[in-house]
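Below are two complexes that have chain A in common, paired first with chain B and then with chain C.
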Partner chain A sequence: MEQLKFGPITVKNRLAVKGFNYINKRLGLKEILDDEVFTKVAPTHLGFLSCFGGITFFIFLMQVVTGLLLMIYYIPDVDKAYASVVMITNDIEFGWVVRGLHAWGANLMVITVIIHMGKIYFSGIYKAPREFNWVTGIVLLNLTLGFSFTGYLLPWTQLSYWATVVGTEVPSAVPLVGDTIKILMRGGEDISQVTLSRFFTLHVILLPIATVVLLVLHFMQIRRQGISGPM
Partner chain B sequence: MKKEVEIKKIPIEEKKRLIREGKMKWFFPGHVVEQVVICLFIFVIMITLATLFPPHLGSMADPFNTPDHIKPEWYFLASFQLLIIAEKLDFLGAWAPKILGVGMQGVIIGILLMVPFIDRNPDRKYKNRKIAITLGILSVIIAIFLTLWAHFS
Partner chain C sequence: MPEQAEWEDESLTRRVFIMASLTTASIVAAGGTVYPLYRYLFPSDSKGGGKGTSVTIPEAEVVVGGARFFKFKGKPAILIRKSEKEVIAMSAVCTHLGCVVKYSESDQIIKCPCHGAKFDLKGKVIAGPAPKPLQLFLVSRDGGKFVIEEA
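Moving on to the complex of A and B:
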């Protein structure tokens, strides 16, 4: 009797075994699944504070899903953006939940990132051989803040407009290139349609791609170096 | 340099021994179930917050009407307060407030990036890392203080 063993699970159904073997011969899935899932072990010494990296990743995934749903109805146009957010909140079925999750997720993600960073710092986990993973993490922290900053403008409210006026004014203090940075961010002297388009592009395309690349680097290093041992 | 645990490279018998001794557990199903439960818990918190405290949506942007108090979101308040403090430094010259204000932000990010290369002490125990722990706690206190200051001013 042919059967397949996946960790604690044994598959005996003839059709399932045959089907899996057909695919396995071509893709070698069994080996990958055994390596990555069924013969893998996890440390038992991890406490509550060790979960915050994973929690941050979960919230990031939530932001991707709710962000996609919001993007279906959101219109990045200075005359229509505010009305589209009002429509999402009031008219679209469950739109208010999706927007609520996205807004709360943004705030919670900053909190969990900071707790994650604090845990890594105070437990000394950034020490050799994990120096570069700390650096990757700091870049991810800045990307998170970049998401918050660009996303805040999108509803085109008084608060978001004027916070962006002040926020994009800050880099103009940098010697020599400051004004260039400011004009590059705003797409001109003032906050306008160009700024909204730029922030929208950053928020939904550029920052997500950069974040995914850095997350892959972050996780690859964890796989390579392992979870740090108890103190 | 010591490579701590190359989990994949441990032979299966060794893994079974570590699990018997309670130092490790199977990733599947134990660890996966644990993670799913934590994620669901976070999801419940987020749904509750979104339902009970829906995010505020003010009035539409009006470029010709400057509001009285412009403050950034809470996570930018500390660095916002640093810019305001830097404005008091104009006795150093007209250049000082702007350049020092934005310079401090850059220096903070630079120091954060360099942490593992500044702190070369390989010991992880609290009692052998007095400077690092003190600086860490001080930074947390200063950040909270600046945030509250900006929030209440």
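Moving on to the complex of A and C:
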């Protein structure tokens, strides 16, 4: 009888085997899956702390999904933003779950990124030949913080308004270009609709695209260089 | 009593037990994810109300001789004020192919812009391809407001 073997898993269901063979004949998936997934053995020196990169990536995927769901109802308008967030939380069924996952996931993601970074730093994994991956990692850290900063303004509450006032005031302490940076971030002297619109654009378009590109680079380097050996 | 070996055919192997447990857990987890997602995508007013739904419109919003469109259970409906006291409400969805009908104030009839069906102010078909009359609603007055309910 025809059957498929994927590492320890054997598939016997005739329909599943036939269906997979049909696709496999055209795309050659079996070879890739065998080489890259089922016969790949994780090094034994990996422990709990080695999982935080993966955990961060999982949370990022969750942020993408919940973010898309929130965007269905959110309105980036200074008069309507808060009301739309209240509506998502109180009127839309399971809206409070989606918003809660997104807000808590954001906090959690910063924490897991820091733990991931600490593990890489204290184990000396950033050393040759992995210096470039440390650099892409640093950029990803900044993108994560950028997500947090821009996302915080979107509900347009007192808390988010004043946090953005303070946050955009900080770079104005930079000599010479400080005020220019502040006005660039705010889109004017004050926090206004212009600020909300550009934070929204950053949060849902620019930062996600940049993050996906950087993640691809990050993962490609891990693939090329392999998991680092034990200390 | 049968021999031990005969029982062993029926007994679960550890692998089958674990696979069955994992499959069940995966189905529960998938269901627990998909169900909230499904509910999230349908806001509470997207499917219209149930039985006993009513719509209120302030009298001041409808001029005498004029008409006002509104949504009844998520579908277009029209309120026509023939005179100070005489008010009628009916579905504004043409029974032919579902276009939204228009009220013609000059000749006091309802016309469908798509295929020329005409209805009188009781919803009856006067001309055109519409097979059925428009559904009428009950209108009552409640302190300066029109209350529209299903007839």
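A few points about this structure:
In this text, the second predicted complex is superposed on the first by the 207 of 231 C-alpha atoms of A that agree within 3 Å, B and C clash if a C-alpha of one lies under 4 Å from a C-alpha of the other, contacts with A are read in each partner's own complex, and residues count from 1 in each chain.
By definition in this document, a contact is a pair of C-beta atoms (placed from the backbone, for glycine too) under 8 Å apart; a residue touches a chain by one contact, two chains touch by 3 or more.
Not measured: the values here are computed from a predicted model.
Touch criterion met: A:Val110 reaches chain B, while chain C stays clear of it.
Contacts of A:Tyr74 after superposition: neither chain B nor chain C is touched. More residues of chain A lie in touch with B than with the remaining chain of the pair chain B and chain C. Of the two partner chains placed around the shared chain by superposition, chain B and chain C are both touched by A:Val97. In the superposed model, A:Gly229 makes contact with chain B only, not with chain C. In the superposition on chain A, A:Phe199 makes contact with neither chain B nor chain C. Residue contacts after overlaying the shared chain place A:Pro175 against chain B, while chain C stays out of touching range. Contacts of A:Phe60 after superposition on the shared chain: neither chain B nor chain C is touched.
Contacts of A:Glu131 after superposition: chain B is touched, whereas chain C is not reached. Shared contact residues of chain A with chain B and chain C: 97.
Residues 1-8, 10, 12, 15, 18-19, 22-31, 35, 38-39, 42-43, 45-47, 49-51, 53-55, 57-63, 65-67, 70-76, 83, 98-99, 101-102, 105, 109, 112-113, 115-117, 119, 121-126, 129, 132-133, 136, 140 of chain B are the ones that touch chain A when the two sit in their complex.
Residues of chain C that touch chain A in their complex: 36-37, 39-44.
Those residues of chain A that touch chain B in the shared complex are 7-8, 35, 37-45, 51, 54-55, 58-59, 62, 78, 82, 85-86, 89, 96-97, 99-101, 103-105, 107-108, 110, 118, 121-131, 134-135, 138-139, 141-142, 145, 148-149, 152, 155-163, 165-167, 170-175, 178, 190-191, 223-229, 231. Chain A meets chain C in the complex at residues 69, 72-73, 91-95, 97-98.
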